[in-house]
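First chain A sits with chain B, and in the next complex the same chain sits with chain C.
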Partner chain A sequence: MSTRRVLYALGGTVAVLLVGAILHPGFASWSSLRVMLVVASFTGFVAAGQMLVVLVGGIDLSIPWVLNGAAIVLTTSSLGQTSRAPLAIVLALGVGALVGLGNGLGVAWLGVPAVVMTLGMNGVMQGLTLGLSKGLTCASCGSYAPEPLRGLFDGALPAQLFLWAGVGLFMTVLLTLTTFGRRVYAVGVNPRAAFLSGVGVRGVTVALYTLSGVFAALAGIALVAYGGQPSLGLGDPYLFESIAAVVVGGVSILGGRGHYLGVIAGSLTLVAVTTFLQAQRVPEYGRLMIYGLVILAILFAYGREKAHD
Partner chain B sequence: MREALRRVSIGYLVLAATAVAYLVVYTSRLGRFPTSFDYLSILNTTLPLVFVAIGQSLVVLTGGIDLSVGGMVSVCVAVTATTVSSSVFWLVVVLALGTACGALNGLIVAYGRIAPILTTLATLSIFTGLALRVMPVPGGSIPQEVRLVLTNPATPTGLIWLGLAVVGWLVLRRTRFGMRVYAIGSDEASARAVGVPAAAVKLKVYALSGLCSALAAVFYVSTTTSGDANAGNPFILTSIASVVVGGVAFAGGRGSALGAVAGAVALTLVIDILFFSGIDPLYQSLFQGLFLVVAVLLGTVAALAARRRRQA
Partner chain C sequence: MTETSSMAPAQQESGSQTLAVRASGVDRAFGGVQALRDASFAARPGEIHALAGENGAGKSTLIKVLCGLIKADRGTVEIFGTEVSRVVEPAARRRMGVATAFQELSLLPDLTVAENLLLENPPRGRLGLVKRRGLGPAAEEILGRYGVDDIDPRATAADLSVAQRQVVELVRVLAGEPRVVILDEPTAALADRQVEWLAGHMRQLRDAGSCVIFTSHRWREIEALADRVTVFRNGTHVATRDTLSEAEAVTLMSGRSFAGAYPELTTVPQRESALRVKGLHSGRLHGVDLDLRRGEILGVGGLAGQGQRDLFLTLFGAQKARQGTITLDGKAVAIRSTKDAIRAGIAYVPEDRKAEGLFLPLSIRDNIAAATLSRRNTAGFVRRGAERTAVGSIVDQLSIGKGRSTNRAVDTLSGGNQQKVVMARWLLTDARILLLFDVTRGVDAATKHDIYELVGKLAAQGRAILYYSSETEEIAHLCHRVLVLREGRVAAELAGPVGDAERIVAASIKENHDA
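And then the complex of A and B:
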């Protein structure tokens, strides 16, 4: 069932690329495809984290400001110097892990609904990011990302794509080949049954939210490496985009079903649609409306719930 | 039923606590009590959120969620700000438009069987696009007469509308429709089994949420005297926060729109408290986030305590 959905998701991507290539020659050329893949990789990173929590029936609304906070931590702690880059990367990922851990503890141990916990955490991170960076006017806030990071996007086959492939491999191995992965699906299908068969539901949940924070931070690092400098509101588009990518990728929003391969396809589909509409010079209002309609069409194709009768 | 009463009372407790905090902070900061002007400005700035929160709470009561309130408010704000100054008749069109947008959500959720969060995520994008089409740049206006009736800056006409909304809810929840909303939220399968037309009820609930968003948009334009195609965005998260602070259960079936109204007012008061206590506005969302989580934790703790007492 969920393998079929992965095929649907891949089919959707191919269909969008084909339609684009027919209507706009050069759309599916390697140079254009490379740009799309790079842009889709950012969505792919956040969607990896979002997918993990969605698999257990949760949701992570704290992604935007975890991403933004990590991006600013990276530049303010590295100050653009290559020698400081490793430490800065560890710090930025650590911030993501810490916030994710907080989300997980709140959801699993305090019993706060995921929507509330992560929404509140998003506010907390937004306030901390804005306050500590004084609205991004602090002395070190104008720093650039270290040079090696910016090299992620150079060349005919950018290193960023290998990084995304690595994330894909990690997600696939984690979810399909490890005991932990089996437990994730077990919790997603039926938390109570999983608990009764000895799965540490709380531990799994905390681990997944922590990973989601790490992936949001990773996306922040990649985005700041891509753009050079962080900005405020950098992560805002990725809140709904991550959910859309997960669902277009064939992951059930109710939890328990889905593969990261589908999410890769979903991320690429969304970016391809946006890129195509931009190439066609569709004005912003039209892009928004068509984007919504495409998501709806995909949902009607393979995102419907079972009939009640 | 007792459970429902308890959950609602959490919302009122939070509101009472924030109101006291507001009075204390205001008085100690300015050395005098808030004037009627202060109360009036709180009332007028809260009204849009109050309406969105009522709509959101209806949807949450059925176990759903409406992310598209942002888009519906935006598109209605755009239409209100561009048309109403030519003829007040357009207000009716705005309300019909909001209801139609909501009904579209309802159709897709109830008959298309697509999860509410996904449906409204997609329509959010569509409605926001529509708002941008109607109003590419911020601007527009609202006739002075409309302003005087809806959010009069001198007399509390807003109280009348707030009262009407409250009475409307009190009547609604006692109707057959209101009972069905709770029935679906508590256990949809059982509700269907006893003959509740779940799809039709959901359609109406989402349509009502759209109507509430349209009302919010009208009051928004009336308070701010202009429109913006992105005006609705902040309402997505604040309406969810209001519902949560107001003690409506996310699983559905428990809570009340009045709790959400209390939650909306409390959230607005928190911003004023932060302002008067001289906290750097950059930290504002930090405290709002903490407030949200703490309010929910209080509810959980109270529920645990109540259960312990019953067991003892």
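And then the complex of A and C:
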């Protein structure tokens, strides 16, 4: 059933592209697709983490400010210098891992509901980020991403896309070929039965939240690399986007079902819809409404499918 | 009798009198599975009518169609001659006097017993608002009317034992004094005493002219209670009879004949002790000693809720012990987690396979492999070939799912096969000590028989087996030795096979008379 959903999600992407191409010549041209792919890849990174926690019936609401915090750590620790880039990247990813670890420990050991734990952590990260950057956007601090990072987006096939392909490969291998992946689905479907089968339910949960933090940080790094500079509020759109991509991609919000291939398709569909609405000159408020309706329609369709099975 | 039974019951009885319930030509599919196929059923007012069949025969689906929970794809349903096939709404059926107690208990866990009992018809004040203070006394009155004195109406439903919840569910259904009562496996969670209680009330309703329909996997109960029996197989009506012997019934239900209810106990336990427990305190256990030998099937008996579950969960590391020692093969061990237990060679097969055993949407293979993942991995990757071989051989050995692909989701299997999947998972661990906790609950007769034989075979291989069952009969026939638990202690030890279940029951309650 979840493989069928991956096909639906891919079908959705193709359908939007086709309609767009008919109404707007050039909509599905390579240059336009290239932009859409790059934009979708940011959603794809955060959604990878979101998907992992959703698979065990959790959710990660700390994504926006983990992403934002990691982006600012990257620029402030590298100061735009190439030689400092590796250290800065490690630091930024480390921030993500640390926050994710905190989320995981809170959820798995202290039994704090995921919504509360990660929302609280989002607040902490927002406060930390605003405090340490003194509320200034870093445009005025003169921090930039190191030059080699910014080069990622040049070329006919941006390096960014190879990174996304790598994430896709990692996720697919992790979830389908490893014993860890088996345990993730087992915990997602029935945590009690998993526990009674000797699966370390808490350990799995902590690992997944940690990975989610790392993916949010990765998206932050990619975004500053793309834009050159971070801004405050950089991560705000990505909470909704990550959940939407996961859901559109056919991952069950109750846990236990879904593939990352579907999430890739979900990310692409979301970006294609946005691009199409922009091309139709639908004003911002209308775009937001239609966007929301599309997601509700998809959820409705998946809900009906379940009722039939 | 055989002549008439091949006819559809609905035709057979039309015109004779008004039927309480009549279904004819009912089809119902779930996904690709045809749960009911041209099924028919008829029951009269003033009778107790048992619905028998193996797991997956379509009993529960028929009940859901009758009580308006799901719609038939085809066919008609009549209640007292009124066609209701199009109405899919249990509340509408209830207004017609049809009340149903389901197998999956439908109490709201966070409400109190009183709130659950009076959910539909609470005492109201002048403004039509619920009189909260009236709830307790009203519930107490209802429980009292049914002679239930061991359940506090103010207790939260979630805090009750499974058996107590079932009693509340039954009282809720009975209290409406329905003209048609449908009870799906009402006794599966009940102790013998409570079964007697229920039987009394079922007879009372029948004598008052109501139609009582029930299902059970325990033939004893059907024999004792039912005025007529309808047998279902593969989603369709096979026969309706006034009397039916167990052997005949099993043949009708399974489509094959069936030799002997319990296999003979032929093995003899070895000398060496496999598991020794001293002074175990945990949950309701207050100092349990036991010595389980290799090749031995040791039964754990007693009334429900005397700490049996605590004993099994503690030995499996799923519950903390307050005190006591556990010795495996002569060495003291600390079992702090299920992982520790599995590593020490202990396996636990739970009673409630859906809640505690299975990953329903996952494949048969994933389900069977779940406890042994770390044995077949290279640097964290699953060795898929090894997994397929291991799972394939155990599936053949237990004949699970009639040779169909192990990629199929477990929820497409019948209940008996699902239970075998859980057993298979633990057999792959090569566990030397098997904790089998009510593994035949809700399992059809043919699969039960398979499980009895399997248990015997496992003991013959030298594995040590601790066996609990809510059916005292099983413990009486299958076990080399029986420990009777009472109030968290071992109250008696009987040499097996005990044979007569009454002896275990007597040992379970003896002290109560002395005290």
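The rule is simple: the second predicted complex is superposed on the first by the 297 of 309 C-alpha atoms of A that agree within 3 Å, B and C clash if a C-alpha of one lies under 4 Å from a C-alpha of the other, contacts with A are read in each partner's own complex, and residues count from 1 in each chain.
The definition used in the following text is that contacts are C-beta pairs under 8 Å (C-beta built on N, C-alpha and C of every residue); 3 or more make two chains touch, one makes a residue touch a chain.
Here the structure is a predicted model, which means the values were calculated and not measured.
Chemist: As a test of reading the superposition: which chain, chain B or chain C, is in touch with more residues of chain A?
Modeler: Of chain B and chain C, more residues of chain A lie in contact with B.
Chemist: Just to be sure I read the superposition right, which of the two partners does A:F300 touch: chain B = first, chain C = second, or both, or neither?
Modeler: first
Chemist: Touching A:V189 in the superposition: chain B (first), chain C (second), both, neither?
Modeler: In the superposed model, A:V189 contacts chain C only, not chain B.
Chemist: Return first, second, both or neither, reflecting whether A:T178 touches chain B, chain C, both chains, or no partner chain.
Modeler: Only chain C; A:T178 stays clear of chain B.
Chemist: Could you look at A:V199 and tell me whether it touches chain B, chain C, both or neither (first, second, both, neither)?
Modeler: A:V199: touches chain C, not chain B.
Chemist: When the two structures are overlaid on chain A, which partner does A:L87 contact: first (chain B), second (chain C), both, or neither?
Modeler: In the superposition, A:L87 contacts neither chain B nor chain C.
Chemist: After superposition on the shared chain, which partner residues are touched by A:L18: those of chain B (first), chain C (second), both, or neither?
Modeler: neither
Chemist: Go through the superposed model and pick first if A:G111 touches only chain B, second if only chain C, both, or neither.
Modeler: So A:G111 only meets chain B here.
Chemist: What residues on chain A does chain C touch that chain B touches too?
Modeler: 308
Chemist: What does chain A use to touch chain B in their complex?
Modeler: Its residues touching chain B are 59, 61, 106, 110-113, 115-117, 119-128, 130-131, 134-135, 240, 243-244, 247, 253-254, 284-293, 295-296, 299-300, 303-308.
Chemist: For chain A, which residues count as touching chain C in their complex?
Modeler: Chain A reaches chain C through residues 1, 177-180, 182-183, 185-186, 189-190, 192-200, 256-257, 308-309.
Chemist: Give the list of chain B residues in touch with chain A in this complex.
Modeler: Listed in rising order, the residues of chain B that touch chain A are 65, 67, 108, 112-115, 117-119, 121-126, 128-133, 136, 188-189, 192, 198, 237, 240-241, 244, 250, 280, 282-290, 292-293, 296-297, 300.
Chemist: List the residues on chain C that touch chain A in their complex, please.
Modeler: Chain C residues touching chain A: 30-31, 316, 318, 338-339, 341-342, 348, 350, 355-362, 366, 369-371, 373-374, 377, 380-382, 384, 425.
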